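A single structure is presented below for examination.
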Amino acid sequence: MTAKRSPPTFRKVAPRARWPLIEVLLPVVAVVAALLLGALIIAFAGLNPLRAYAALARGAFGSVGSFSETLVRFCPLALCALGVLVAFRAGFFSIGADGQFYLGALAATFVALKVPALPSIVLVPLCMAGAMAAGTLWALVAGLLKVRLGVNEVVSTIMLNAIASLLIDFLVRGPLRAPGTDLQYTAVIPKFAWLPRILPHTRLHAGVFLPLIAALLVYIFLWRMSAGFDSRVTGANSVAARHAGINVGGSVLGAVAISGALAGLAGAVEIQAVFHRLQAGIGSDYGYTAIPIALVGKTLPGATLLAALIFAALGVGSAMMQIKASVPSPLVVLLQGLIILFVVGSDMFVPKLRKWRQTLPPETTSGNLPPMDPSIAE
Amino acid sequence: MLNSFALAPSIGFLAATVRLSTPLLLAASGELVTERAGVLNLSIEGMMLNGALFGFLGAYFSGSLFVGWLAGMLAGALLALLFSFFAITLRSHQVIVALGINLLALGETSFLYRKIFGLATLTPQIKPALPHPIPTLSHIPLLGPVLFDQTILTYAAFLFPPLVWIFLYKTPAGRSLRAVGENAVAADSVGVDVQCIRYLATIFGGLLAGLAGAYLSTVALNLFLENMTGGAGWIAVTIVIFGNWSPLGIALAALTFGGAEALQLRLQSSGIGVPREFIVMFPYLLTLVALSGFVKRSKSPAQLCIPFIRSFQ
Amino acid sequence: GSASNAWPLPAPSAKSFKVALILGGRVNEPGYYNAGYQALLSLKQKYNAEIAYEENLQPADAEQVLRALAEDGFRYVIVMGGGTYDDFIRDVAADYPAMRFIIISGGFTQLPSIVSIRTGHPGVPFLAGVLMAEMSKTKKIGLIGGRASPPAVADHVAVIAGAKFACPQIQILDTYTENYDDPSIGKEAALAQIDEGADLIFANANTTSFGVFQAARERAILAIGAATDQNGIAPDTILTSAAYGMDNAVEYLIDLDRSARGWQNKVYTTELTMVDLAPFHSLDSRVPIRVRQKLAEVRQQLIAGKITIPASYDQLHMHAPIHK
Amino acid sequence: MLGENGAGKSTLMNMLYGLLTPDEGQLFWKDQPVSIRSPRRAISMGIGMVHQHFMHVPQLTVLENIVLGQESGLFGDLPSAERRLFQIASDFCQPIDPRALVGSLSVGEQQRVEIYKALYRHAELLILDEATAMLTPREAEQLFEICRTLVARGKSVIFITHKLDEVISLSNRVTVLRHGRNVSTFRTDGTSPNELARLMVGREIPTKITKSIRRPGPAVLEITNLDVSGHRTNIIQHLSLSVHAGEIVGIAGVDGNGQTELVEAICGLRRITRGAILFNGEDIANFRPAAILKKGLACLPADRHSAAVVESFSLEQNALLGFSHTPPFAAHGFIDSAAVLNFAQEIIAQYGVKADSPATSMRNLSGGHQQRFVFGRTLRHDPRLLIAVQPTRGLDIVSSDFVRRELVELRDAGKGVLLVSMDLDEVLVLSDRVEVIHRGQIIGSANEHSSREEIGLMMAGVRPGAPPRLEL
């Protein structure tokens, strides 16, 4: 038959799907649009929007100090979001980063407090390893419940988050409470366990490189490694995965474990670089904010880092709007909501910006994420 | 320990279970309809909060609870409309839209409340709603005070699951709605207006979420407090999943969760030798265990969270 | 009685100043946080001070906010965070020695510019306990707290100790909702206690307390508030409140700093002579003379140091279950 | 209507049915220019369509599917709808259970539901897009009956198919599409399959498949006394079957008689309760799918959209499916992208897959070309036994011819092939031996001398009186 003899019809190097610059900039445009609408609301509240936004911008980027703060917050947000990304790619709709973050923070503190004095070079990674293990275990609870018993992960992770935070409450009030205080925190962890600061007079710490490394590793895992490929196939089409001989349950669990490890690592970084002890309120909802970050980042590692940076800047900057421009905190929250809506809404311009069929963007899960795939359960 | 279980089946416990389930069931009934149309609305929390504020404002300024409930429902529906615009018309990712709406609602309700009442120490209050005992039924021993000596919204909440069941399975509109949630392209191919049904289903969910919020501010309490829903909307969403997307299922799930909460509060005050944090965990643990126990097929609507595009099959 | 204004005030300097409040909740969150906000407002009124506040402050943001305040020339920062900001305060205070920190219910004083204060006195909740035991007809009383943090626990323990002091066979129902912002759970917690026979409930759970007051009102029993005089919320239900007298305490510390004497390196505590249960307002007639006398008597004993108030459940020997 | 895969038949029909809007041109309905903007409009005009990929809601009952979008009033009127459905069904003498869930029906029954759905809406023009692709001969015959009855009543039918004899036996006129153009429209009488094929493809194509003499080797697959349980009863009961090297064994049977389950059991996708599955003498029953694949037993699943490809992935990524742990595509846990890209390009070139580049999304390929791709990928496993389920379903003659020749080539190279197909012609043309499956049991065998009628009877469940187990 002729088919076998038909010549190859493509160019030497197959063109890869690309994100044109305009699409990368789209979220930024959306943020600006949301801020414009926000300006109207701020003016309606009888405040000066220019002053408010000046405070926001200066708070996030105004000086070396404030940009360091943005980076300090970027760190846990990005790590959690990368974790969420991996889980979503495997079709596991985890809301559980919050609980895994807490467990990671707990484990890092525990290791730092209980392990005999060791040099930094050993203790710092040891704490992180402990945190990653704890995050992994907590994530695997939901993973196993899903794979073995078919328990929906949305419900189980929400429940596990509540349980984790109550567990931490119990520990910092009781067994782990700092001796001689009646406050809800543990003792300060030894200096050997601290992540070093890298810029004088700021809180910028060595952990800021972790998200970059993690993003690279996540990319390598998902797109360069066999196991990651299996996870992605499972997330995109679990029936096909099964037919291709992929161990579907194992692939999901693998991705879930990685996602838990990353959230746990985020918890360790907060402890070892920022708080230096476990206390109530360290999470600041990072685990929940990570979900829109990963989705706005199209579940692509690079874009997720960018989204995390935007969210971090907004978070840090908006704290300044309250104190510097008297913008009440409800307005700050409202503004954050507007920004998320505008960013996600701007997605609809993507097809208009490119000829839709001819060049589909690299496969993303943003439009058709299967949130509840019961077929993953064995 | 024994002591505390002995008091579990008491009237007070059962009545508390019913009361605690009421807002959950109202919101979950609405969310069930929304999800059966293929729309995953995770912004129930925000819609409840909006309903709580406007329910309170309506009742406060008009002096009538009914006006308040109406206002609460409209406020929930309004947010649902916004959600629909993004999630259905623009086809943005439903989960992100919902998270955005939740933040928006949290900010907006607090902002408006402060704008209207300032940062006063004395929270404005309305006349609380009173129970409407049903004449003869409320005198039945045990059952009477538990089931028939409640407020109107509680009766309504427990009427919704059967009504939703009738709607879904016995009416043309319900059939179309289920079809849209299971296979939107097929529904579209026989002339069912997929987008319109999804809009309506989401708005219905918003109406009930708003009513659930208004229940909190006008019936359970008689005032509005910032962020007063405190996560109830999320519980409502999990109840729909826990109830396996069936009307009977969500009624049972809501009662289970409400019952666990009621029991938790009783276990605490009777002091058993378990750290408090673990008692407070009880409802969450119970939900996990119950879910793992019912190893049954998930009946998630096939196209939940998948936007509809006609030309792209 | 009423919150005393008999603080020994030193003569302050006349210049105005800037003062900020940072808090982990909202300024209009009834109870603890609102008490701080009221204190801030009274500073503005009394000293014509320039004020600012940062509500819902996440601990991770504290350092940057504090530095911004310092750059803007804020002289005083009132801190209400249950210890969550302590480490950041220490770091910032080291860099800005001119800034003064007043940590409410903290235990932290390492630098001369930082002072901690225990607002309120355990004697007040103790007296509340005495009052509850005396007024209860069922001899069963309830307590509802928010999160079981140590300061909150200390208040509960003091109430229980007071009640047992007045009536050793009193039965205690003790609940924490583990949140501060869910009034519907607060209401159900109260109803659960009322169903079990409690006829007086002490509530110290910020927003959650509102549900408790509502339940008490529906079932026509009395309740006791906390932090500020909460009677206005439900004048026919809230008999009194275990107020902290936060405004007086803060003013006292500011005056002290502005006077020649300055702060000492210690945790300031409030003397019981300066705080008391809030007035009974319209419910005044409900409290019999006998009870008032008993309260006055116990108060004197407390002032005289004849009674020690336990600070934890362990000290109260309370960890064993209480059976009916 | 005829045309190769991707010629534009479905696209054109979707325009008639209001699912797509034309960029240019004019549609006429009963001599009036019309614009059809939605299916609702098409339905109201009297156009009904049975889609290539069924458009029903599996979770709804037959009746609910049929009345969907047609009811009025608060509660509708299901009883009278049921009466009308009964009327329609008895008109065609082909009843259907109105209360059954559509998802539980056989493909033929599902198809019937689709047709009744159109008729229920008073369709005057019925479009059938590849309606026979998944039907058994009997079911197809029943469908033709329905079409003839309709035409006799003055209705019109557009019938799209890849089977040329169907065109000749059924249609009055034929339109041939090629690359989105109308090549020609003419009366059917007097044409021959060869001429149709030439018009479609633009050149002559050989139609006869020639097989070399059969030289069966040792048994590759031996199944003995297999039981597979379903949710109610055993789906497969005491089934025994063997495939030898250099042999194509066809499994004929009406859809839903356990074919899927049998294949899944062999491939390790479904647990068996009893029996043995020997592959090259080794019992592989209940092995993991990956292990079975590794031993050289590969499968072309029927439902390629959902089981063989990931539509949102690129061709390149799809090439890796099934090889993600196999050298040279992967080593030490890492993927060798260059090797994968090479492989994808190789498949595209060797199997004539119509695609711009390996970076194209699989979704952009037509079904026929998806199948070519999957075929090429599967052969890379160098299987000693290939299970092909419905390998030419929905493929045009060029593609199906291609796939069939590939299967024969495999057999001639000494591999075993187990061919599961509802298309009896295909089974008869390709197989060296035919086993007929009915209710999870092999109820008889046939060979190329058996008549269609004999096999048809067995497929209907009639055991052959004295089964002549002839072998060539």
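A, B, C and D are the chain letters, set down in written order, and residue numbers restart from 1 in every chain.
The definition used in the following text is that a contact is a pair of C-beta atoms (placed from the backbone, for glycine too) under 8 Å apart; a residue touches a chain by one contact, two chains touch by 3 or more.
Worth saying up front: this structure is predicted, and the values here are computed from it rather than measured.
K.L.:
Any chance you could name the chains that touch chain A and chain B both?
P.N.:
C, D
K.L.:
Between chain B and chain D, tell me the centre distance in angstrom, where each centre is the average of that chain's C-alpha atoms.
P.N.:
45
K.L.:
Return the distance between the CA-based centres of chain B and chain C, expressed in whole Å.
P.N.:
35
K.L.:
What is the distance in Å between the mean C-alpha positions of chain C and chain D?
P.N.:
75
K.L.:
Mark out which residues of chain A touch at least two other chains, giving numbers and ranges.
P.N.:
166, 169, 173, 328-329, 368
K.L.:
Residues of chain B that contact two or more other chains, please.
P.N.:
Where chain B meets two or more other chains at a single residue, that happens at 110, 114, 226, 277, 280.
K.L.:
Quick one: which chain pairs are touching?
P.N.:
A-B, A-C, A-D, B-C, B-D
K.L.:
Can you tell me which positions in chain C touch chain A when the two form their complex?
P.N.:
For this pair, the touching residues of chain C are 20, 24, 26, 52-61, 63-65, 67-69, 72, 82-84, 86-87, 106-107, 147-151, 154, 178, 311-312.
K.L.:
Within the complex, which stretch of chain B touches chain D?
P.N.:
It is residues 170-172, 175-176, 178-179, 182-183, 185-193, 302, 310-311, 313 of chain B that touch chain D.
K.L.:
Show which residues of chain B lie in contact with chain A when the two form their complex.
P.N.:
On the chain B side, the touching residues are 40, 86, 90-93, 95-97, 99-111, 114-115, 226, 234, 237-238, 241-242, 275, 277-278, 280-281, 284-285, 287-288, 291-292, 295-298, 300, 304-307.
K.L.:
Please name which positions on chain A make contact with chain B in the complex.
P.N.:
45, 145, 149-152, 154-156, 158-160, 162-163, 166-167, 169-170, 173-174, 288, 291-292, 295-296, 328-341, 343-345, 347-348, 366-372, 374, 377
K.L.:
Spell out the residues on chain C that touch chain B in their complex, using ranges where they run on.
P.N.:
26-30, 34, 37-38, 142, 148, 173-179, 181-185, 187-189, 191-193, 195-196, 207, 210-211, 214, 217-218, 228, 232-233, 319-324
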